[in-house]
Every structure is written in structure tokens, then in C-alpha cells.
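Both complexes below contain chain A, partnered by chain B and then by chain C.
This part shows the complex of A and B:
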């Protein structure tokens, strides 16, 4: 979004001004205020984000059943990781499902959102209605989305009743096949994701200077060419956000799967696996922490590379 | 651990019953240990952690709480949603737990006892012991031989069926003794277009009941308990015998088992689309229509190896434990434990739930036919198991074993599954 542009510009110009001002104009009091304003949130951030994150990484090298204090936590090195990669069959399923989720969002759901945004941006008849309709799913939390779609797709649910199956035992099973249920879930997830992407792009397209389009059409560019070479590149700030959101949404996928069957029967995803190992009576804190660390690295990797690449070009 | 899977429906809730029939039982008869507690504990304050959050369970809970209040207890109730209670039990017990809380017999109780998170109650048992049979006494002890648990109620697992469906198909349930009888009956129902065995395992825990039965019918009770405790390896060829026997009834089980919870499967029984279900008797609570409920009956899981007959049954016991915080409020907490163990507790609930089954042997036998069948079933058995997830390690039962069973039901190779189970057992931290 253009907000990022403004911020980077502001930061750049502020730096120049600041260098001159800082030395003479800041009183002790100013400095104390600035220290407080910057330091307070920093301390909160470190205490509530970085310390738990570091503790999680440390715990991922330990074995602990969640009972007792520090002396009950045993250091086991990389054992949790080797066991997760070699023994834990759910991990492979989770990794497969998160990868499918990412690919599906990246290659199908997000492009569909762009297409919708592109057509809605043309102010066709009923644009407002469609805009609202596509955006509506975002208003619901994913947990609610999960409950709604679970009622529709479960074996004695709405869809099967509409299709005329009254016997749950002979009705089509949408969530029952461990190799196919992920696709049903991806369809449901797209229902929400497409609207989200549409909104982000629509906001971006509204801010594209109309003169760019005019210039392109005067130069004789076709619609597709204009989109590809003029509109899309000018949406770069939006693209950054969209890529980051898509990667994070795909990797942190939790709510839908948890509500449908708690990641059982071939539907496991990493976030649910973390939760199931850390919570409840059967706590394997170290194991869960190792899964969380793997998820953290997976999220961090692509996002850092992407952000780094993009902001480097901006400078 | 199974509660975690239950999608909000509590399987552990005391069996709900809507049939009238059993006479109301007067409180104040033989209260045993609680009578002396009465005099000494006027207005004794105890905090109580309750996981009885289902409407029917709340009704039962309130009934005995009123009786306890009348007996002079001032109970500070902390009622938590059933699934939440299960999920947070470790944190709860290590934090500031209530003095007395709902729990289960079996490994899950002994585990907390051995971690020092509960308070032993040998002195309470000195008062209430005479009212319980040896089976309950053993089920209430920790691994150190001390008493920790006060048993209240229980329910058996069996083959539930509808009398009218059996009559219409000309099948006599009392003649289903052996595995061959069972399969023959399944074939009759299948030919009539009725699902022989309603089966749901979406939650992952439900199939453990069927596994337990087939396993101790095939290999004996001792083998089963050794297997759940890890004393026998999953790679033992006898485990394959169990899986193979199970496979022989696959054609008669619900096809959509992995997309149905237990109550979805029970609904098939209620709608007469299925003939039988291997389930806990608590499923009777889902039969809302009294006519349907009167049509419900059970028979013991059929014999597989004649050497073991039908000598074992699953009959999980529910009850109460004292947390470590009870040590600071010992006299009041133990008085409440004695009250819970007495017939005063059970009678108060029996008034509102006449079909519930009691651990206390001084309670009158139920008059409801289905409840009586349950009592007779358990009395006819030499061995009682608690259910896989109460007999085995929680960290094995819930994430590992339930997933393995789902894979098996989906058609997975049982040899590979057993090998994987053993590898995962070996990878668990020492208990």
C-alpha cells in the first residue's frame, strides 16, 4: 500500500532534518520523553514477544511434560527435531498440507482476488454489491467460518441433506477421505482469502493515477498489456503486503482445521500440531516447541527474503 | 485424553436417563462415614472444581451439592467447561487448584498421584472402605498403594442394539455369543440394507473401545493391560491377530466412520438405519424419545478366543480427587471426600437420575431394565478395563494411538502401523 511509500519517504526526510536538529534543539526533557516513548514499547515488545520466542526455541531442545519447575526440564539436544523428522508421521502430513495451502493461495486464491479487484475497479453495474458480497466473509472470524462450513459439509450436514442423502452412512463424505479432505478445506479457506485479496488490490487500484491508464491507452496498449506493464507494477507496495499476508495465512492456518477435526485423519497442519502437543494432558512441551520453531523459521525465511529484496530496491 | 476430541459433547457425563421407574431414594439413611463428618464439619468450607458442564450433568451436580449444603458443607463451586477442564488440567493442578475436583480412575489418576499433585486419603478410606468392593478399592489406589480417589459412578461399554430392529430381522441377541454368531448377524442386517455396526471415529478416541474389546477377546486381559502399559511391544504378532480380527468386521461397519462422531453413529441407531453400536452405555442419553430408549438394550461383546470367553469388559469409573491444595484444608476436604463416597451423595443424584450406576455397594440396585443389564454385564465379568485412554499414557493414547487407529480404519497396513506405534512409544520420554 502507498502507506509504506509515505513512511519510507518520511523516514528518509526525517533523518536529514533530525541530524541538524537533534544536537541543538532537544532538551533533557524531550530526551526523557522520547526515551520513555521508545523504551516503554520496546521493553514490552522484548518481554512479551522476544523472550517467549527465545524461550520457545530453547525449550525445543528440551524434554518436559509441563509438570514441575526448571529441574524437571531436561536438555536433549536435537532429539526432538530428529524424532519429528523421522518418526512423527503427522509432521509430513502437516508439512504437505501447509505447502498445498501456500501453493493454492499463491497460485489460485490470490490471483482470483486480483481478477475480481480488476473487474470491480471498472465500476461495472452493481460493483458495490459485489464488493460487499466478496468482502463479507472477512468480517467473520475463521473460527466462525469453520463452524459454518462444518455444518454444511459434515456427513449429516446441510449439503448432503440438500443433495437428498438422509443416511449419514451412505452419504458422500467430504471430510472423511484423508487424501481429499484437504481440498475441501482449501476451497473453504479461499472463500475468505479471495475477498481479502480483492479488497487489498481494489484499494491499491483506486490509488493508481488514472493518467497512467490514459497514457497507456493513448500509446495503444491493450487491456492485458496495460494491466501487466502499467497497473500491476505500480501496485508494488500492495504486492509486498499480499505476498506476506498469503505466506503467513497459509503457514499459520489453524482455525478451520481445528474446528473440523482437530487435525486428524490427514488434515493436520503445523499450527494445530503445535497446539495439540503443548496443550492438554499429554504435554510434550519440547516437542511442541520444536514444531513451533520449525513453523517460525518457515514463516520468517520467505518473508525476510521478500521484504529485504523489495526494500532494497526502494532505496 | 479423549475429552479433548469430543467436540463439546461430554462422553463422561453421568448417564442421562429420562425413564421414571426407580423409586426416589430417601437421603439420610445409611450415610456411613459422612454422618460423623456431619457433626464435626458444620459450615466447613471446601472449594470444588467441577467439569460437569453438560445440562444433564449440571442437574446431577446441583442435586448432590444441595445435599452437601444441607449436611453442613459450604462449597465454593468452580464449574469449568468439560473440554476446557481436560485441556488445562496440568496447569490447573500446578497452579491454585480447588481442594476437590472431578477426575477418573486408572493411569490418568495414578499419573497425577505420582507427580505429587494430589493428596492421599487413606484416612477417608478407613471410614468409607466397607461400602466398596475390592475392584473399586484397587481402582482408587495410586502406584504407591495409597488411596487417592473416591469413585462415584461408572458405565460399561457393550454392543448396544435396538430390540425392535433385531426382532424385525429375526435375530436373537441372546444367541450372539461367538465371533461367528456376530458376523452371521451382521450379514443378516446387511442383506436387509441396514448398516450392521454403526461406527464413528471422527474424534479419534471412539475406536479405542472396539480395539480394546477385540484385543482382550483375542489375546486375553493380561496381554491387553501389558500392551497399554508398554510391557508388551506393539510389534508382537498377537497385535496383528487383533487387527486381523477387526478387519473381518470392516465390511459391516459404517463406511463414513472417519467423518462421524460417536453421536452421529448413535443417531443411525436411533433412526433405525443401523442395528448395533459398540459404545459406552452413556449413549442412552441421546435417545430422547422414551419409546426409543425403552427399545435400547445391550449384549456383551462377543467371544473371539474361547480361552478368554467374555470374561472382561470396559467399565470406566468416574469420581473425585483431592488436589495438593487440600492438604492445607485437610479436615474439610477429607470430610467432603467422605461425603462423596457415601450413599448420601449417590442418593441425592439418584433422585434426579434414576438410571445412573453407583460405585457404592450400599446403593439399591437399579430397577430400570437397561441399567440392570449394565449391572449384570459387569458382575458377570472377571476383569474390568478402564478404556484405552485411561489405561495407557495420555501422551501415547491421544495423539499417537488415535491417529494410528484412524489410519487403520482408512485402510492402512496394520503391520506398518504397529511398527510405527512401537517406534513412537520408544521415543516417548520416560514416564
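This part shows the complex of A and C:
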């Protein structure tokens, strides 16, 4: 038996503190391996995610037509931001649509997911089938989702035929009318979001300690009271995830509107505006970067809450 | 038992409402499937809501073979499989180190990965796009010799972003497994690498399976990055290639329906066969977090 083996055995049988000190006492080779294990992935993540993110924020204060090299980048301060707010007409519509998206998800779709989860948690007859139906849209891509719903909402689609609009010239255009289409799209987005929220809450409710409910029912608490005072508070970790997912999904919205009409004519959103300024006809990288930065600032709150909740207990 | 009776009626009403909505939920999918079996001429003449005159697989044949959709499926596999495998491999290494050794940088590192995963893709894509136009790659990968418009570039960005989520989930998972299991490996005098490869990786297997299923679905369903980083329609994975079937002036909507159904088939298989893993992957962060 080598000396190291004896030392390790002694340390392992010793106290916790001793163990930890032992396991951090590495050979040179081990150190190199650890550096590689952590370093490789970290460099990849930082170079392809964090550095570009920082670069975008910096670019949002610059002017660059993207044709010339990096030396063509000029610092312009807040000019991009003031121009976006004053000159870029799509921005206001995009901001309004993203806000609507957020409010709709937060005030309607997510609560509906909670209600669904509550009833599915009761193991009613047919609950397996209901769950399957509501889960189903979650696995579908938003691109496919947009195409599927087109058969319902197109001018000669299912809805108009059922409503009796057989003449394509007088039938309402659900996707084409800039006053209606955002609401239709929000409905379609909810089709997916409600199921997703239900899934998260259902998993959370299943993990609520059954004895808590029993105690509440023995105390004669009503259903609503039990839900409000017993079940909902124990869903705290789920609630945090839900806030993050809801805000981020609402702000990232891109696929659905892009597949429906390229995000134009009433369906402008911030993510499409960024895309348009980088890959569209007119390349205004400064504007695109400023729009992306605005998007980031809007996401910042939930990101911070999420980080705080996850890492405060680790400390 | 007055309350019992009352709740029985309540239950019946709840079941009726849930039944109605769950049928409404799946209806659009069935409607699309229905249209995908009908020829374009029939639906143009009779409308979408009508009994079928012809009902066959022609649209599927045309979508897969004539429009070359089979090629996009291969593209999807070529992107998703390496991206998921590399992500899981890299993330498990970081998760291993931060959950088994107590370094000062552990929490900072985990925060970088966790937050990085939550950043909006639009914040990242402008410099990535510019960068990809200038990164040189050999002619075998792209005859234009730049990373832009290559599947390699798409894989890279997926890995870089997904690593964040995977590291977070895997390190949470490892934290729930007692360290004693690792310590018996140390007693045997195992090196760090052996500790990772022979002790930790097998322990992680269930979490890797759930994450793998979830991330394969995400990457398969990705639309934004594929549209932004791949210029050539022929290189696009199936989800992004669906917009190729939407013509500029004319779209055969029945053909498009068949394309959409084909594109959602693999995710349906995930849903019905690997549902447990998929749901576990989605909820792993919320209940253990």
C-alpha cells in the first residue's frame, strides 16, 4: 500500500473538514484536468455568449453601417436610442405588442395554466387524456404552430367557414387586419403557453406534501382557502420559474410572427425589429444593437430574481 | 353527505369543461392532418371544410421527395445530435467540478452559466453574425471559407447557449446525490478524470437522458438561429426549412400541411415515447432549483 493510499484512507475516515481539505489537495495532473474540465466549456460559453452580449451593448452606442471594417465604428452616445424613440415608427408598435404579449401571458395565459393544473391535480375521470391534449402543443415548434393555425384563421379557413363567411372578399382577415392580428397571435401563443404553465404547476402540486392538505381539510378549510394558504405558497420555486419563462418567452417572441407574415403589418415585435435592422434591407447595426439592448434591459428583472433565488441559499 | 353530492356535480361540470377544451386543443392539429391528405385542387374547389373526394399520400410524397424535404431531416439530425452530445459532455464536466470540489469560483461560474442561458438571443446574434462572416473555415466545410452559412456554426452557437442551462440543471442534480459516493472513489485513489468518468457520469445518466430529450426537442424546434445563421435554404434544418415551402407568390397549402405534419412527427414521437424524460427535463429546474 502506497503512502498516499494510507493518507487518503486516514483522511476519509476522519472528520468532514479533514476530508474536504484532502480532496482539494491535488496532484499537478489533477489540477490540469480540472482546469481543462472547467476552462474549455467556460471559454466557449463566454466567447460565444457573454462577449457578444457585451459587444452588442457597446455597439448600441455606436454608429456602423457594417460595410466598412471595425475602424468605421463611431461612438455616438445615446443617438441610436433617441432616434429609435422618435424616428422608428415600427418601434412603438413592437414595444406595444411585446407589452401586450407580456400582460396577456402574465394575466391570462399563466393563470389559466394554474387553473388547469389545479383541476388536473384532482385526478378526475379522463385526466390522462386531458393532460395529453394540453401538453401536446409544448413539443411542437412555434414555426409548425403558426402553420397549423393558419388553416383555422386564413381567410378561407375553418373559422370563417364556420362563421358563415364564404365570400373571400368580405370575410374578415384574421392575420391581415393590423387591428386584429396581434390578438389572434396571442391566442395561438397561449395555446402553447397555457400547457407549459400547467405542466410546471402540475409537477409542483404533485410534490406538495399531502399531509398539509389533510391538515387543512381536517381544520375545515374550504377549497379556495386551502389553495391560497396551503398549496400556492408551497409552489414558490415553481412561481419563480414561471415568472422567468413568461417574461422571457413574451419578450423573445419571433418565430410565430415571422412564419405568419414576417412580423409586419401589426405584428411587429422587438425581436423582429432587431433582425430587420441587421439582415433586412437597410442595415443599421446601431439601431439593431440598441433594440437588442432594450430587450435585454426588459429581461433583466426576472433574470436577477431568478439568480438571487437560486444562489442565495448556496452561499 | 350534502357536500359530497355537491362536489359530485361540480366534478361533472369540471370534466365536461375540461373535455370540451382538450378536444378544442387538439382540433387544429387534426384539421391540418386532414388537409394534408387532400389534393390542392379539391380544397380550392370545395373549400377546407368539406368531405374529401380524394384522400391519399400524394402531398407527403411530393413534400418528401419532390420538394426534397428528406434532405432537411438529415440536416436536423446533423445539427441536433452533435450539438446535444457535445453540450451534455461539456456541461457534465463543469457540473462535476462545481458540485464535487469547493473552489471559490464555483458560484460565480454557475451564475455566469445560468444567466448566460437566459439572455435573449437577439442580444447575442449581432456580433455572432458579424464574427461568423470573418471566421475562416476549410473548404470542405464551406466553399466560401467562412463560418457563416455552415451547420458547424449553428452547432457551435447551440452548444454555447445550451451549456448554460445544462450545467445549471446537472449541478443541481449532482447536489442531491450524497458526496459519500464520490468519496469512496477518492479512497480508491482515483484521479480526477477517473472520478468524473467512472463515478459521476454513470450517476448522471437519468438527468442526462431527460436533458438530452428536452434539448434535442429544443434544437430541433429552433427557428431563429437557423434562419439567421444559414443563408442557403438547402442547409437549413427542417423547422426553419418549412418557410421554404411557403412560396413568395404561390403556396400549395396542402403540400405545406403535409410538410408541417412531417416536421412535427419526430416531436410527437418524443411526446408519446419519451414523455417521462421530456417532462422531467422541463420540471427538473423548477422543483429541484
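Everything that follows uses one rule, which is that the second predicted complex is superposed on the first by the 257 of 315 C-alpha atoms of A that agree within 3 Å, B and C clash if a C-alpha of one lies under 4 Å from a C-alpha of the other, contacts with A are read in each partner's own complex, and residues count from 1 in each chain.
We adopt the following convention: contacts are C-beta pairs under 8 Å (C-beta built on N, C-alpha and C of every residue); 3 or more make two chains touch, one makes a residue touch a chain.
Values in this document were obtained by computation on a predicted structure and should not be read as measured data.
In the superposition on chain A, A:279 contacts both chain B and chain C. Once the two complexes are overlaid on the shared chain, A:66 sits against chain B and chain C alike.
By the touch criterion defined above, A:87 reaches chain B but does not reach chain C.
When the two complexes are overlaid on their common chain A, residue A:265 makes contact with chain B while staying clear of chain C.
Within the superposed three-chain model, A:156 lies in touch with chain B and with chain C [touch as defined at top]. In the superposed model, more residues of chain A are touched by C than by the other of chain B and chain C. By the document's definition of touching, of the two partners only chain B reaches A:169; chain C does not.
Using the contact criterion defined above for the overlaid structures, shared-chain residue A:123 touches neither chain B nor chain C, since it reaches no partner.
In the superposition on chain A, A:211 contacts neither chain B nor chain C.
With both structures placed on the common chain, the touch criterion links A:178 to chain B but leaves chain C unconnected. Common to the chain B and chain C contact sets on chain A are residues 66, 154, 156, 279. Contact residues on chain B toward chain A in their complex (touch as defined above): 1, 4-5, 86-91, 94, 108, 115, 117, 195, 198, 202-204, 254-260, 264, 267-268, 273-274, 393-399, 402-403, 406-407, 410, 420, 423-424, 427, 429.
Interface residues of chain C, counted against chain A in their complex, comprise 11, 14-15, 18-19, 21-23, 25-26, 28-29, 31-32, 35, 47-49, 90-91, 93-94, 96-98, 100-103, 107, 109-116, 118-131, 156-157, 159-161, 163-164, 167-168, 183, 186-187, 189, 191-193, 196, 217, 220-224, 227-228, 239-240, 242-243, 246, 253, 256-257, 259-260, 263-264, 267-268, 270-271, 275, 278-279, 282-283, 285-287, 289. Of all residues in chain A, only 63, 65-68, 74, 83, 87-90, 154-156, 167-171, 173-178, 261-262, 264-266, 276-277, 279-284 touch chain B in the complex they form. Across the complex, chain A meets chain C through its residues 2, 4-5, 8-9, 12, 19-20, 22-24, 26-27, 29-30, 33-34, 37-38, 40-42, 44-53, 55-57, 59, 66, 116, 119-120, 122, 124-126, 129-130, 132-144, 147-152, 154, 156-158, 161-162, 166, 191, 195-196, 199-200, 203-204, 207, 237-238, 240-242, 244, 248, 251-252, 254-255, 258-259, 270-271, 274-275, 278-279, 285, 288-289, 291-293, 295-296, 299, 302-303, 306-307, 309-311, 314-315.
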